[in-house]
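Consider the two complexes below, in which subunit A is the common component and subunit B and subunit C are the respective partners.
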Partner chain A sequence: MLCRVTITERQRSCFAAHPDRSPLLVVDLDVVRQRYEDLVAALPGVTVFYAVKANPLPELVSMLVELGSSFDVASIGEIEQCLAVGAPPERLSFGNTVKKADAVRRAAELGVTRYAFDSECELEKLVAHAPGSLAFCRILCDGFGAAWPLSRKFGCAPDVARELLLEAARHGLRPGVSFHVGSQQFDPAAWDRALATVADLRAELLAEDVELELVNLGGGLPGTYLEAIRPVDEYGSDIVAALRRRLGPDLPPEMLVEPGRYLVADAGALRCEVVTVARKSTTDEHRWVYLDVGMFSGLAEVMDEAIRYRVLTDGADRPTGPVVLAGPTCDSADILYETVDYQLPLDLRAGERLYLQSVGAYSTTYSTIGFNGFPPLDVEVLG
Partner chain B sequence: MLCRVTITERQRSCFAAHPDRSPLLVVDLDVVRQRYEDLVAALPGVTVFYAVKANPLPELVSMLVELGSSFDVASIGEIEQCLAVGAPPERLSFGNTVKKADAVRRAAELGVTRYAFDSECELEKLVAHAPGSLAFCRILCDGFGAAWPLSRKFGCAPDVARELLLEAARHGLRPGVSFHVGSQQFDPAAWDRALATVADLRAELLAEDVELELVNLGGGLPGTYLEAIRPVDEYGSDIVAALRRRLGPDLPPEMLVEPGRYLVADAGALRCEVVTVARKSTTDEHRWVYLDVGMFSGLAEVMDEAIRYRVLTDGADRPTGPVVLAGPTCDSADILYETVDYQLPLDLRAGERLYLQSVGAYSTTYSTIGFNGFPPLDVEVLG
Partner chain C sequence: MREQLATALAPLTDRGVRRRYREGALIFAEGDRGSEVLLVTDGVVHLVVGSDRDIAALGPGDLLGEFAALDGRPRSASAHARTAVELVAFSASDVLDVIERSPDLDLAASRTTVASGRRHTEMRSVAVGGLPVGQLARRLAARLDGDHRMVDIDAGALATSLEVSREQLARALDELHHRGVVALERGRVVVLDADDLRRVADEE
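Presenting the complex of A and B:
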């Protein structure tokens, strides 16, 4: 079953009202609201912590505060952004395993009580500066089935996690565990595999009289790009079944999920302009299509062509041919899609506008401050 | 012969004067001045156009204006930055082959007379909006010998270039040609190979009574990273010899070079802090060392581990072991070096400061506006 969104009526009106702004990202908060409500319904008993890094627009965070969401934050900067729009500190989770001691101290002062860690070094900071807090250890996950499998950067082996959690408990911290099945995860069964490891770890801790107080299911719920994805209720029922199978009947007191992309990707539509259409040689049928937006002005996720935005043109039934899509900077790495097969109208010309869909996640703040003299991505928010 | 720079005395004093700022990039303009003078001496008859995108700090551009440099600019934004610090428009070259028609019109109004192009689409804009200007066509180059070989994004095949330049001449534009041997080019002979192609093209144009008025030798001169590089006078003598061999004795009226990295990389020293040192498993001898600076706060050039910064620690003769170096964000792609073998002291601890050398190029403006809530790279300039 395909899950498709198009540009909303409100987004179309907004583009029409600003004909000269290009590139322009329009974020429709109605879409975020709907996604949030769908997810809450799909995951009973699991608290939603929005991963603020996906899109920290104040209007968006503020709306989620009102809807009752909690928040996964990556830095003191994000904690302050959330508090500034009214998020209570008890609804925050400091999910970055890489934190300066000062950042832990400051977060604890501000009232944050949940912290990720995956090493002795980080545990020492929590013991020293966030006593009594919920300390959840991130374990490594395989990432099979994800468009963007995560690296080994975060998480540790389960046997390392066991020792760290026992030590955390000895120091009066409340132990939890987290994992991440990989960003843009196409397979709802990925959570089941990770939860099997969590169940083993839970049993080993219980043998030492240590109870797991929190299980963090991480992110990974997909946005809508070129590939077909399954609707969120299928993810929900698979995840709920996996929780019961692996951790039931006595579920841990707190279970949370950290969606970023899923909540905000489909809320963003980007209008951009074709700057140049070029042929590199007389024999290659590919045209190079250069846009006024690229890897350094908001589309960093095209790196390795992992995230494949859907591209719309005006006018139906125009004959198409293969293209390479590239950004406007003088940087040779600023190419959107060279190996993925994109097709655009054969009569495409400089000056024409294109629409990229589902650009609401990991775009605005990925913009550089001004590489090549181009400004950061221009954004309108529809509240 | 190895070309090594260390952190300058002025940079050390500056770091000492700002003990609490981390990460902090300190750019010493004395180094840029020296590099500029060395290059001018090494390339007699060739005009230096500094590639502003490498580092557009106003103090830096202003100093180069005073030294007599010309400038390669990528956008209207960069043109305005140069004019704002006193660069005369006749010393600018609009080197981006991707330009909106409006940008060409505006640049021509501002007095810019040199333009890159590589397609019919761009040529039409120059004919329409920059009549009589110097239009140089970029040809594709192999990139052998470069740490960062350029993609096919810029340039066209020589036979396409010939047709485009003949058409440019028919429309009253003054024809030129440019190429780029690849960024961080270790082999001074790379220019000779490209100039052989230029010589053929020049002869073919001359057969049609069209004279090449400009040859743009592009960038590619290296900064000082992990690998040994040859001193600039060796590059200079090889390039000058290649120019004579391929284009002599009647050299084209204007020859220019577009150094970016070479002029500014070695001028920047970055002090950062170790946030976390972690072991992922009980069997891997690598430690993961997380810094407070990474791919999204200024070190974008670590992408694919192509640019390998030299890392310094305080204290000599500390026993070392292998590490993976990573940045502070929750993004799994924010890893500096995982496959390149970096060694750091076995007693390295969170809170210790490290120094990355030659970070003056492609760092400041590559910073994101605030991904993960971290601010752009903090910079001090020593004038």
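Presenting the complex of A and C:
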């Protein structure tokens, strides 16, 4: 069984009601609600912390507060945003391993009690400014099997993590471990591999009479792009089985996941316009199709063609040919897809509208504020 | 070999890392990639193959995991803590070092023992079963261009052309990675050892 995604009726009506707005992203919160409920059901015993960075629209965060979600936050800005819409501070986790000392102090004042770290330098800030908190050390993961690996920038090797966690415990912090298997992870077994490392680390802490209090399973659950993905209940059953196998029978007191992409990607449909169709040589059958949306207006994740949005046109059965898709700015990096095989109708003309699916994650806040004079991405939210 | 190695490692526990497990905990699983050798210092460890075939009970002074440390292949059995267990984990490099320095041990002979041990217990490597490792190696080898060690890959297209899922492809790449044949970067594979790659292509 593989997943399907559609543009919802509500999104279609919204596009129809705003014929002149392009590009326009329409986020349907019903989809987010459904994803959240599916995930909670798929991961019994694990608390869901929504990674706000994936899409911080106030209406969306506010709905998740009401549904009972907790939140992974990356900055004081996100902390204040969550608190403003009613999330209690005990439901927040400061998951960024790169924080100014001032940010830690401010977060602690606001009542935040969970903090990520992966270095001595960050640990010192937690010891000084967030005494008694849950300090979880992020360990390196190979990110393998993921479309968007995060491996090099974050985390430390398990032997470093052991020393840091023992030191955290000596200073009265409560030790935890986190990892991120890489965003858009296609392989549900990736969590098992990471949990094997967590289990070793836990046994090493226990040998020093230190209990691991929290395991953070990170994000990585996929959205629906060009490639087929497994349904979330398959991920859930694999992850729960891995937790029981690797960390059972005495599971750590707190286990959490931090999905961003999975909860919001499929909720966003983007309508854009073809600005120019160009044939650049008489021998190459590829046409260059320039859109009014690109790398700098919300589609930053097309970098390296890692995230491959599904592209739809109106009208069925139109013969197609290969295209390169590019954005509207005068920056040569503003190309969406050049090596991935995209096919669009041969009779495609300037002015025609296209639809990109599953654009709800890492898009709304990922646009520049006016590069080349183009405004940030225009967004409508359906509550 | 196992006894001599255990004897040689016993006085060196400060070079390893101590681990403690509660009763019922999994120490490692069949199919895992682990290269550490574990010396039990307290409690009882059961080695299990498949879902329930107990093949050995180990106690203080016993060693486990030396197969994987010496031949780099996946764990051939799971290890479970039957009671509370304490052990010391030694890295593969420490173990090789100890073997080289010990007059009673010989690396080549140890490897032969491991190879026959694997055959003897007829343990299969579940992690590799059914994966397109050889096919993948052939494909990568064909794209090696002189001294250029970098092969750009499009995982989606490659999986399609090998007629496997992306997960299977990921695991096959992972397998080559763990054998030290390739390193993995985003969107490309760095061939670390072209001869090894061709060997895998021929063997599998």
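Here, the second predicted complex is superposed on the first by the 382 of 383 C-alpha atoms of A that agree within 3 Å, B and C clash if a C-alpha of one lies under 4 Å from a C-alpha of the other, contacts with A are read in each partner's own complex, and residues count from 1 in each chain.
Keep in mind that, in the parts below, a contact is a pair of C-beta atoms (placed from the backbone, for glycine too) under 8 Å apart; a residue touches a chain by one contact, two chains touch by 3 or more.
These numbers come from a predicted model, not from an experiment.
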* **Combined model on subunit A: subunit C and subunit B, fit or clash** => fit
* Figure out whether A:17 sits in contact with subunit B (first) or subunit C (second), or with both, or with neither. => neither
* **Angle, in degrees and to the nearest 10, that opens at subunit A between the C-alpha centres of subunit B and subunit C** => 110
* With the two complexes superposed on chain A, say which partner A:56 touches: subunit B (first), subunit C (second), both, or neither. => first
* Determine, under the contact definition given at the top, whether A:97 touches first (subunit B), second (subunit C), both, or neither. => first
* Name the chain, either subunit B or subunit C, that contacts more residues of subunit A. => B
* Partner chain(s) touched by A:365 [first = subunit B, second = subunit C, both, neither] -> first
* To do: Once the structures are superposed on A, label A:207 by its partner contacts, choosing first (subunit B), second (subunit C), both or neither.
  => second
* Identify the partner contact of A:41: answer first if only subunit B is touched, second if only subunit C is, both if each is, neither if none is. => neither
* To do: Quick one: classify A:199 as touching subunit B (first), subunit C (second), both or neither.
  => second
* Please state the minimum Cα-Cα separation between subunit B and subunit C in the superposed model, rounded to the nearest whole Å. => 11
* Structure fact -> Shared subunit A footprint, subunit B vs subunit C, residue numbers 159
* Would you tell me which residues of subunit A are touching subunit C in their complex? => 142, 144-145, 149, 159, 162, 186-189, 193, 196, 199-200, 203-204, 206-208, 226-227, 245-246, 248-250, 304, 306, 308, 339-341
* Structure fact -> Seen from subunit B, its contact residues with subunit A in the complex are 51-53, 56, 73-81, 95-101, 118-122, 125, 140, 148, 150-157, 159-160, 183, 273, 275-282, 288, 290, 292, 296, 300, 303, 326, 328-335, 338, 350-351, 364-376
* subunit C residues touching subunit A - in the complex, by the definition given at the top -> 17-22, 24-29, 32-34, 86, 89, 154, 156-157, 166-167, 170-171, 173-174, 177, 184, 186-187
